[in-house]
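Note that the chains are named A, B, C, D, E and F in the order they appear, and that numbering of residues resets to 1 at the start of each chain.
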Amino acid sequence: MSRKIEEFNRYRQEMNDRLLSAGNNKIIKRIFNLDTNTYMDGALDSRTKEMLGLVASMVLRCDDCIKYHLIQCHQQGVSSDEMMEIFGVANLVGGTIVIPHTRRALEFWEELQLA
Amino acid sequence: MSRKIEEFNRYRQEMNDRLLSAGNNKIIKRIFNLDTNTYMDGALDSRTKEMLGLVASMVLRCDDCIKYHLIQCHQQGVSSDEMMEIFGVANLVGGTIVIPHTRRALEFWEELQLA
Amino acid sequence: MSRKIEEFNRYRQEMNDRLLSAGNNKIIKRIFNLDTNTYMDGALDSRTKEMLGLVASMVLRCDDCIKYHLIQCHQQGVSSDEMMEIFGVANLVGGTIVIPHTRRALEFWEELQLA
Amino acid sequence: MSRKIEEFNRYRQEMNDRLLSAGNNKIIKRIFNLDTNTYMDGALDSRTKEMLGLVASMVLRCDDCIKYHLIQCHQQGVSSDEMMEIFGVANLVGGTIVIPHTRRALEFWEELQLA
Amino acid sequence: MSRKIEEFNRYRQEMNDRLLSAGNNKIIKRIFNLDTNTYMDGALDSRTKEMLGLVASMVLRCDDCIKYHLIQCHQQGVSSDEMMEIFGVANLVGGTIVIPHTRRALEFWEELQLA
Amino acid sequence: MSRKIEEFNRYRQEMNDRLLSAGNNKIIKRIFNLDTNTYMDGALDSRTKEMLGLVASMVLRCDDCIKYHLIQCHQQGVSSDEMMEIFGVANLVGGTIVIPHTRRALEFWEELQLA
């Protein structure tokens, strides 16, 4: 796996662990739990929901959220052709302000293909 | 059709017409044209893209954009069970700040079912 | 109670009921439940948390969320002098883009004093 | 003057007066004062600054702020051809989420031409 | 003091100095001055206002603003149990898009405890 | 040229190239093309439009977009006195949440003067 993906996963995991083992964290814990449940198969399959999570993260311009959903989309078998159209919707709705996040998203996405 | 849906469509159409017939509107015109193209069938089908457009509109909290994509999702045969899961993703990612928009979205969605 | 407050409460209650009685609404239900728990007394008292919820709603510029937290702050005995300082923080951090929401917030707050 | 413009000005003035005469409003007062100073002639003329204020209001999607700066731009002699290009920048940078605000902006702008 | 805290303070101080010594900076200067005044004891004490500033910074997702208010909250004696509840409100209102910022906030907060 | 400016230009160019040579990128390509056209001389000159693009990028708080428009403004001969007033409008409208971006903007702007 590329160093960028590894580093992303490592920091994310370490800080999630610290948040989930911190004192008085009931609300945070429940939000994390809800986060897991929201993307599970239901009336919509998990794959579609991960694409929804990705486009939401892109228009809200959160690089770490984008990376997380790129990983999930990759595991769910989203193709590069599909990904380019998600990028299209995000940049259309969210505007050119999304372009720098799209550059970083493409770089991360291409590393996932090699992983 | 309900008065709310009609009124929404009427104002949207009228002002779009005025934007598209205004002078010196080349950029706006091309954005409108791009908007149409982005949601067409491609690697992802139009139905999925409309769901992407909806969730993006919800987390960015634009009521009119939400209504527009609700109409499109309805025409594409998105079910109420699927819609509730889109609402779920939007409220999870975007937070409780999205709830008031979800109230209005549900109201509009239910009117679309009766239309 | 003023008509504005009544109308706000009525619509909010009606649409919450419809969201909570809709099919396939597990995620939405849990977010609503979490919403209630988050503002309860804990290490911080409920009064402080409602002020936190209000300032968050103001900088994110959601009028309905602002109204809801204004009602809660009023019930928790927040004074008008305290409220003006919350408005101050929100307008400083969020910028003059928050001013129109502050106008509507003051109007609603003053109606709550008469209620 | 059109009823929409009049109503906008009336409510804005009334609530500004109430904010400026409220108790404990030192921070709000100073923000209002700063607001006035920021758009005065300087290295950039007031006309350019009002266009800057307008585009900022459009991408942040605040209808009342947009209306206010439309009034100022109109008084500073900004032409409809120039306005369409400001709309272009705002919709490009901010995305199609700005379109509904652009519809309302155009409507208000056209009423200002008749005023 | 940890290197992260030191580096944050150093860059912030250096660039603030350059902003405050730049030519034609009257508006920026007054905003900085207002910033200081807004968080002073008043009807609400400074400690509460710093918590308001923090939650506003979290939902608006500005890491540097978050760090600054974490430092202030730490100096005002906010406890880790209280901090976790502020994190709770921010993540509930602002959504899971706030989680990556919460990870970095917890890391910085824990370094402040050791400082 | 300073290393920061060079590095910014290099990464931007490389990732733009990869986006523009990726498969199925029609929408992205057209957005890039539109981006170029929007800032060309028209009823408003390119210089004014770059200032509009900059203030929009500042209130939306996108560091890379800010850097790009700083480069363009520099090439169009915007003076440091004018720049400080753009910073003023952005910080007033967008609030103190814009300050950290203004620090980085000033640093980049000063490097551009030396370039």
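Throughout what follows, contacts are C-beta pairs under 8 Å (C-beta built on N, C-alpha and C of every residue); 3 or more make two chains touch, one makes a residue touch a chain.
Here the structure is a predicted model, which is why all the values come from computation and not from measurement.
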item: Chain labels contacting chain C and also chain F; value: A, B, D, E
item: Shared chain contacts [chain B and chain C, defined touch]; value: A, D, E, F
item: Fewest hops from chain B to chain E - one hop per pair of touching chains; value: 1
item: Superposition rotation for chain C onto chain E, Cα-based, multiple of 5°; value: 180
item: Interface sides of chain D and chain F: same vs different residues, half threshold; value: same
item: Between A-B and B-F, the pair with more C-beta contacts; value: A-B
item: Interchain centroid distance [CA atoms averaged], chain A/chain E, Å; value: 26
item: Whole-Å gap separating chain A and chain C, where each centre is the average of the chain's CA atoms; value: 30
item: Averaged-CA centre spacing for the pair chain D and chain A, given as whole angstrom; value: 36
item: Residues of chain A touching at least two other chains; value: 24, 26-27, 31, 34-35, 38, 42-43, 56-57, 59-60, 65, 81, 84-85, 88-89, 91-94, 96-97
item: Contact set on chain F toward chain D in their complex; value: 34-35, 38-39, 42-44, 48-49, 51-53, 55-60, 65, 79, 81-82, 84-86, 88-90, 92-94
item: In the complex, chain E residues that touch chain F; value: 11-12, 15-16, 18-19, 22-28, 31-32, 35, 56-57, 60, 62-65
item: Residues on chain E engaged by chain D in the complex (per definition of touch); value: 24, 26-27, 30-31, 34, 37-38, 42-43
item: Chain F contact footprint on chain A (complex, rising order); value: 61, 80-81, 84-85, 87-89, 91-92, 96-97, 99-100, 102-104, 106-107, 110
item: Contact footprint of chain A on chain D as seen in their complex; value: 59, 91-98
